[in-house]
Amino acid sequence: MALDKRAMIGARIAKEFEDGDYVNLGIGLPTEAANHIPEGIQVIFQSENGLLGAGPKPPEGQEDEDMINAGGGYITCIPGASFFDSATSFAIIRGGHIDATVLGALQVDQNGNLANWLIPGKMVPGMGGAMDLVTGAKKVIVAMEHCDKYGNAKILKQCSLPLTAKGKVNLIITDMAVIEVLPDGLYLREIAEELTIDDVVNATEADLIIPERVITF
Amino acid sequence: MALDKRAMIGARIAKEFEDGDYVNLGIGLPTEAANHIPEGIQVIFQSENGLLGAGPKPPEGQEDEDMINAGGGYITCIPGASFFDSATSFAIIRGGHIDATVLGALQVDQNGNLANWLIPGKMVPGMGGAMDLVTGAKKVIVAMEHCDKYGNAKILKQCSLPLTAKGKVNLIITDMAVIEVLPDGLYLREIAEELTIDDVVNATEADLIIPERVITF
Amino acid sequence: MVQVISATEAAAMVKPGSRIAIGGFLAVGAPETIIDAMVENENNNLHMIVIASDWENRGVGKLIVNRMVTSAQVSHMGTNKTIQAQMNAREIEIELIPQGTLMERVRAFGAGLGGILTPTGLGTIVEEGKQIISIEGVDYLLEPAIPSDFALIKAHKADKLGNLTYRKTARNSNPIMAMAGRITIAEVDEIVEIGELDPEEVITPGVFVNYLVLAKEN
Amino acid sequence: MVQVISATEAAAMVKPGSRIAIGGFLAVGAPETIIDAMVENENNNLHMIVIASDWENRGVGKLIVNRMVTSAQVSHMGTNKTIQAQMNAREIEIELIPQGTLMERVRAFGAGLGGILTPTGLGTIVEEGKQIISIEGVDYLLEPAIPSDFALIKAHKADKLGNLTYRKTARNSNPIMAMAGRITIAEVDEIVEIGELDPEEVITPGVFVNYLVLAKEN
């Protein structure tokens, strides 16, 4: 993905966080959000391998072998951090103590279903912590490119890939749009500058509900 | 109970422990065992409120308000002790990590059933940790006077009081006898000095299996 | 993010009819300052989730003698005759729960689990009305999670993010209760700056804590 | 009471066909010294319980590439193509388990529970063949405890009673795996005298630990 698209999505994700929120960012695109937290807002990042208060990558040469995030990358921790075991980590996640999780997606559908862990016949990486995160976080945000690399829609009427969790997605943030998932369907809330509502509708297989007010981001 | 009887029972209980055993002693008579651990044997006592390595009562005036045992009495801790929360404490107990627990009894029967927490119509203290201890400890030792204060048998064919756990008792140590509970019944292993086997049989309602060899203790 | 409030503010938050999990074991590690404020505030009609009912003049016993508790899930009541009398007079409804089961049921709620399977209580009156589930030929009781609206706990130190440490056997049920409150209020001996607690020594991460109350001096 | 043994002795203890829970997350906090000794010793036909299959040259990945593992309960295999190839060739049988569920199932065994009820996996292929239990109108999957014959873990310091501390994110699954082995062997960076660890800083009490192995220097 182009750098400006990543930054745009990251900045838009970051707006979802309130001061003091505990947030878990999935690997890849979601981590971009950490670079766009507004000044005056403190967000505490969880790493599900057992850390609250994950900080940025250490300077080269200062890596600590025992300090990694859930993606295996070296990290630091902020003042006020805490370490705990994996069962406690997932008690935090599944118990509804994380304010928001942001994950990538292969597909998401108009019932809030998410598929992001398995393409049958391809590599089987395993679900890792994704199923618990999507099941337990107070707010589940999907962050992804609106269409796949072939231009196919990823926001569907119904996911065709194996699900990560059923009916748990609250918000979809893409390079084209911000879509809220409510019990009666997908509400188009925001579109990217220079796009029309029709552009988004045409790139989306799912039915979109278009409210009177759709703003740009 | 007379002091010498308490000491006798306590000393006999202590013989059940091996070097390095983790042991949980119930309140009352079982705690007497701690005074009789043979030299060269280290037994580590658990207090189910969250301590491994419970030590003796502190000298008067040196009590720490935050250091109590499961009976509410002030204690100390030994070098190598550890503190943990109550869920971990009962994970240790129920998970089979405690080598032996010693508890008092109202009744015990020939199927290894134990009743020690409730006399209907009287005070209801609650089972506290007793049910978990009897269910989870590797070896469950009942320590009590052989008969109640009216001279009635407490070792019965079948408990009449509400059970603490079903079929979990391994050994009964009283002022009169040491009785092993095996799947086919109660084996009289030892009798107190100056008693005859008939004395024990007459003070016991349950059927006792009398092996060829019964020693004195 | 945590907010520091007074014990009176904490007590006012706990509405009549609330389900409250309270930390401590025989009053050691009990949030006495908050309990005193609740007595003052006359919070009533409470459902209480505790290991023990403590003594009449210490710990949650004070809530009992002031008739503020109408039901309780509890493991041990042997040190408090008032709760026994109230139970016999049917003024309070009691569910007696083995201590290990109680801790797991409370933890389950905090951990987002629906319940646990335990062998404890099989073949006793504890199994009455409960589902028995067999796993690989071994029977277990299905014990559901215990929800609580508020967890009132006592810790030793807190930093301003709500990270908590405990002291000796005053830890007991507190870290478990802390996980399980929809709102968790921690009474602490001392509040330190962010960064003063070693990340390794934190027992309850701040994510579980909503409010801090400073304990009154003894 | 714990005994200090060599990694070779530890490896020899783990018989072919054993169920082994191994601590670590993407090889951080993995007991590398014991794993190397197992490769040397050619322990095989193992059933492995791990969060992740790590890398071919780090952590449990070394057991995979040496074809010592015939079945595994695992949450993440994205960093190890060999295990994927072995799975596709039906040389290894894989049960994929959500990470939180895996940790609770392992903990359940260590804690003497038969299993837990979790919402995770509902409506996905994880629910296939599993019992769904409804508590107060909410559905949960019944997930049974996962037993292990051996737990092989990595801690930072141990005292001679087997009390353990960990270091930073190398803690991860280790304290949970430690609870759950019928025999638990802890590889540690340092063994200190009894009394040198503060009772408040102990994360895994020695009661869970049977053997200590000193880690080889990096």
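By written order: A, B, C and D. Residues from 1 in each chain.
To be clear about the criterion, contacts are C-beta pairs under 8 Å (C-beta built on N, C-alpha and C of every residue); 3 or more make two chains touch, one makes a residue touch a chain.
Keep in mind the model is a prediction, meaning the values are calculated, not measured.
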Partner chains that chain A and chain B have in common: C, D
More contacts between chains, B-C or B-D: B-C
Cα-centroid distance, chain A relative to chain C, in whole angstrom: 34
Distance between the centres, which are taken as Cα means, of chain C and chain B, whole angstrom: 29
Distance between the centres, which are taken as Cα means, of chain D and chain C, whole angstrom: 32
Residues of chain B touching at least two other chains: 51, 77, 83-84, 87, 90-91, 93-94, 135-136
Shared interface positions of chain C, touching two or more other chains: 104, 107, 111-113, 118-119, 166-168, 199-200
Chain pairs in mutual contact under the definition given at the outset: A-C, A-D, B-C, B-D, C-D
Contacting residues of chain A [partner chain C, same complex]: 19-20, 22, 42, 44, 46, 51-53, 77, 79-84, 87-88, 90-98, 135-136
Chain D to chain A touching residues, read off their complex: 25-26, 28-29, 51-52, 74-79, 81, 84, 87, 94, 96, 98-101, 103-104, 106-107, 118-126, 166-176, 203
Residues on chain D engaged by chain B in the complex (per definition of touch): 1, 107, 109-113, 159-161, 163, 179, 194-195, 197, 199-200, 202, 205-208
Residue ranges of chain D in contact with chain C within the complex: 104, 108, 111-119, 133, 135-136, 138, 140, 142, 144-145, 165-168, 199-201
Contact set on chain B toward chain C in their complex: 47-51, 64-70, 72, 77, 83-87, 89-91, 93-94, 113, 123-132, 135-136, 162-167
